[in-house]
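The following pair of complexes shares a single chain, subunit A, combined with subunit B in the former and subunit C in the latter.
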Partner chain A sequence: MKVAFGHMGTLTPIMEMILEDLGHEAITPNRPTRQTLALGAKHAPEFACIPFKIVLGTYLECLKLGADTLVSGGGYGPCRAGLYGELHRRILKDLGYEFDFIFFWPPLKKPFHFYKQLHKLKGHHSWVYLWRIIKKAYSKLAVLDDLEMMAQRIRPRELKHGSTSKGFEQAMDMMRQAKTGPEIASAGEEARALMQKVPFDDTRQPLKVGIIGEIYVQLEPFANYFLEEQLGHMGVEVRRSIYLTSYTRHDILSTRGDMGSRTLAMPYLAQKVGGHGQNSVGDIIRYAKNGYNGVIQLAPFSCIPEIVAKSLVPRLSKDYSIPVLTIFIDEQTGAAGIQTRLEAFVDLMDQRRSRSLLVGA
Partner chain B sequence: MSQTSLCLFCAFIIIFTGVKYLKRQIKVGIPRALSYYTFYPLWRVFLEKLGAGVVVSTATNRKILEEGIKETVNDACIPIKVFHGHVFDLAGRVDFIFIPRMISADGKSTFCPKFLGLPDMVRFAGVALPVLIDVRYNRKGFPGGLLRFFLAVAAKIGMRNPLTQIYAAICAIHKQKQYQRLLLKGLKPLEAIEVIFGQKKSHDFAGKGKNQKTSSEKRTTVALLGYPYAIYDSFISAGVYDKLVRLGVEVITFEQIPLKEMRRFSKIMPQNFFWYYSNQVCWAGLYLLEQKSSIDGIIHITAFGCGPDAMVDKTLELEAKYAGVPFLSLTIDEHTGEGGVQTRLEAFVDMLHARKTINRAG
Partner chain C sequence: MKIYLGIDVGSVSTSLVLADIDNRVLAFEYLWTRGQPIQVVQEGLRSLAPQIPPDAAIGGVGVTGSARNLIGVAVGADVVKNEITAHAIAADLVMPGVQTVLEIGGQDSKIIILRHGVVVDFAMNTVCAAGTGSFLDHQAARLGIPIEDFGALALKSNNPVHIAGRCSVFAESDMVHKQQMGYSIEDIIAGLCDALVRNYLNNVGKGKEILSPVVFQGGVAANVGIKAAFEKALELEAIVPEHYHVMGALGAAILARFSMESKIESSFRGFALSELQFEAGTFTCDGCPNICEIVNLSLDGELLARWGGRCGKWEELIVQSQNILPL
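So, the complex of A and B:
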């Protein structure tokens, strides 16, 4: 099978490795570009969320490269993500493509369906083998998450502009080439060492910003205009509310999700509203309690749960006295506009901090 | 002797009425938006039988819309903005506002996530409000969801007599059934509500729906699909329903199709939606498309930025295309002008007429 899948941040090299280990030919999607998005937006409904459009564009590019199977997955309500698969399939079939579609529901919601899909994908390999390669993939993912966190910490403190991003790219390349267990272990060491070699000034006290919001636009740098990097270069330390290893730990295997932020959200949003709506509310509180200087909420335009969360933001921001910037993203959003808004927000946080330092002194 | 007893009697009556007067009747406000169009009789009868007075917000107007827009995030869809306006319209006039958290009405699907978060969105909108009755309406899980809901509402307004509660619940369910039967007959929700609460007789609306079967064979018929709170709020939908009637077409909405018939399609669709209204809209579309020649065209009303509709609209569009039925998607928002809608409807209806003549000639 020639298998393709949607591009999502650091998950891409992991998917590639799993598929190759199962003996498939992986049609690894390139990082999405404006063309990818335009292609997807052309065939997608106008108000579909931007992840839908980017992934549709990616599928189209991969199908042209000869992919004959698409793999995807999604949650089971109440938000749209679970229906992506079916609508993608319909739209692509309507455009005349022939392919097989493997869609994973959360295993605890539809165990039988999950089993059947997994069986299709694993072919003649044994379950033990599958388990082993998944464990291996997970260990690689954990390293990638570590590297991202290191980059987020070093970037605002780097001595030479751009050296962190360069080091990070090299480290990622190194990891991409590591395919077996021992290789991953040694490449992981090397990559970490590489990151540590980036010269940085540990005495600096950068502003700290927490990122919350919908998973795809958080994890896929293209979808958020490389926000982490931009902020880092403005001298801001970034922390996301979602990392893939924490996501797999909490979301995919259990239907309850991240209890911490949900519990925090309860007094404000007493109901699960799909996506990461409730998490977003709780995460604002968590960041505020941990002394962050501000929060940025990232959401696709027309994203339902994040609109609900945004309705509560003014109140949360007041109750916990933390500034929150909400950015809704669609295909018309311009990079320049985002940059101006980020700069203004960073200024605001900076002023607030100096004021509070003055008062404190 | 008889005089003293008369005096006593009078005093008793005065005290009694006085106490009654002091124990002022509780007033509960119901916003005329969203689930109102589907569940109003159920809410109202239950509250009234518990002894509460029910106040409904005024019909949507410019002021309500603007108040709503002011206090909601601009990314919300127009029905949600309007809902906020209705709540503010009630604030200050009532003791409670009835905003049940609509989770599931059929035990399978949920409502749109904006319904799920609605009480919280309203509560934190930054306007002083009376107590909200935000009880969960959820018929998922073990049976008795409806009973749980009723008991919780009664507790919230402090009505604890179990016999009254059960009696009120039975009356409410009875009225709700009657309401659904009237909708099936082709009455619009507001008309059906008038009939149910005795302002009008159902034969006032005779000559609608089924009675006209014979003549409707020749008339152009359009399926007007969309959420009831958009279609029947003529302010939101720029009066699409009435405009179509004035253009001389027969209008079918999903309320006129028996739920049993629609449910058939839940088995046929490869993947049902997660949402209550969206499923009904889509099933209705499939049902009407299946019954060849029952409709000449489909109009889908969708709110700007509506999440679920991005999926529903595309599905309907593709299905209509495969069945060879003309399809028009009308997006509405707070800037929708009457004129623009009228022109698009006229063009669409003209096209349907033309197709009909050609078909008949062919």
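So, the complex of A and C:
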């Protein structure tokens, strides 16, 4: 099978490796671009959110490259992502494309359906083999998360503008080419060493910002206007509330989600509201307790779970004395507007830290 | 005597301010941007130059507004800042202890919340520009009323009509409808002011703790009808500072003064730059899937700066060839 999938940050090389290990030809999607988004927006319902549009654009690009199977997954509950797989399938069928669509629900919620879908993808390989390649993929994922966190730490301290991003790209390339267990282990060492060689000044005390919100706009840099990089270059250290390894543990191999942040959220929002809405509430509290200077909430325009979370932001911000900037993103969002808000937010955090309006002038 | 130049290049208007070390406005220019930021700044500098006091010299330059990066490079700014910080600083110095800044300009509106002299929260309009200066201009023109008289007419109304203010297009339809029903112009204008203030407070001001003193600035602060509508809705006095329409530029000038504390000499190219030939252009780099839009700024035919790329390759080209620092 020629299998394609949506692009989401560093998940892409992992998906590519798993598909190749199963003997498929991976039609690896390119990073989304404005053309991808325009293509997706053209065929999507206007009020679908931006992850839907970007992923639809990616599917169209992959189908044109000859993909005959699409793999996707979706949540289960009030967030629209559960509906999106079927909607994607129908839109693409209506456009005249012939393909197989393999859609995964969370395994513990729909175990039988999950098994059937997995069986299609697994082909003649044994379950033991499948377990082994999944374990291998997880070990690679752990390295990628580690590299991302290193980049997030080094970027605001780098001595030469842009050197962290350059190092990170090289490190990612190395990891993408590592396909066997031993290769992953040695490439991981090399990639970490490469990141450590980026010259940086460890005495700087950058502002620290936690990024929370919907998973796709958090993880896919194109969807968030390369927010992490922008902030890093403004001298801000970032951490995200979602990394792929933590997502795998909390939301794929468990049905409970991240109980740490959900428990913190309880006094404010005692039930799940779909997506990561409840987590967003708890994550604000967590970042405040950990001494972060601010939180940025990222959400697709019209995202209900994050709208619910946002309605609690004024209270949380006051109770925990932490500034929160919410950015809603859709295809109409202007890059200049985001930049202005980020700059102003960084000034705000800087002023709060030093109790003066004229910092950094 | 050292004086400081602040420039605020917005989407609709551009303002330039000369301020002394006590943050007093010595002279200002207020012009329409007309989509030509560089030319309009040159024009402003030409008219400002003769107003410089004889014993004064420019000690530093600050630039803000949506064209701040472009103009910052063109004039040789010492500091380039976002308009939220610039407006907050100006408001705080004009009205010490200010806790809320309402700012409505040509195409955007913002709210800035300060406590103890520090910005603690802010918001800008996102999806909609209803209620900003451009819309008021358009409505004044449609009703055949000079924009200067618009607010005063609103104050004459005893019975404002209810106008649907969520969307500017629908607001206009609703106004036309109310005119056709025979309401007086004063009542319609007053109703429009109420609707725009309601829209602002429900969108930009949502969830913000608006406390006194409240400063109302930006071009729309000239409109006494909107000021009155704010005071009615908030039940607080809205203070309009003397230089309400150039507060961004004043903030930029103040920021320039502070930035010079850690600099020896200003990078300002001098007032002669108003006679230079700047040219700005863009092209799309298709070297990778990022498809960045690269901005080129050249001065008298020579490349001055380049920015907009993610990977830095275009910026590096210029550094190698001319030893000019990238942004």
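Of note:
Everything below uses one rule, namely that the second predicted complex is superposed on the first by the 355 of 361 C-alpha atoms of A that agree within 3 Å, B and C clash if a C-alpha of one lies under 4 Å from a C-alpha of the other, contacts with A are read in each partner's own complex, and residues count from 1 in each chain.
The criterion applied here is as follows: contacts are C-beta pairs under 8 Å (C-beta built on N, C-alpha and C of every residue); 3 or more make two chains touch, one makes a residue touch a chain.
Bear in mind that the values here come from a model prediction, so they are computed numbers and not experimental data.
With both structures placed on the common chain, the touch criterion links A:A344 to subunit C but leaves subunit B unconnected.
Using the contact criterion defined above for the overlaid structures, shared-chain residue A:F328 touches subunit B and also reaches subunit C. Contact with neither subunit B nor subunit C is seen for A:S246 once the two complexes are overlaid on the shared chain.
Applying the stated contact rule after C-alpha superposition, one finds that A:P314 touches each of subunit B and subunit C. In the superposition on chain A, no contact is made by A:S186 with either subunit B or subunit C.
Judged by the touch definition given at the top, the superposed model places A:Q196 against neither subunit B nor subunit C. Look at A:L269: by the touch rule set out above, it reaches subunit B but stays clear of subunit C. Looking at the shared chain after the overlay, A:E46 reaches subunit B, while subunit C stays out of its contact range. Look at A:L87: by the touch rule set out above, it reaches subunit B but stays clear of subunit C. Subunit A residues in contact with subunit B (one complex) as well as with subunit C (other complex) are 301, 311, 314, 328.
Residues 44-49, 52, 76-80, 82-83, 85-87, 90-91, 94, 268-275, 277, 301-305, 307-308, 310-312, 314-315, 328 of subunit A touch subunit B in their complex.
Note for the complex: subunit C touches subunit A at residues 66, 79, 81-85, 88-89, 92, 114, 116-122, 124, 126-127, 207-209, 255, 258-259, 289-291, 310-312, 326. Per the touch definition, subunit B reaches subunit A in the complex via residues 72-73, 75-76, 101, 103, 109-114, 116-117, 119-121, 124-126, 136, 270-271, 273-275, 304-311, 313-315, 318. Subunit A meets subunit C in the complex at residues 30-31, 33-35, 161-162, 165-166, 226, 229, 301, 311, 313-314, 317, 323, 328, 332-333, 336-337, 340-341, 343-345, 347-348, 351-352, 355-358, 361.
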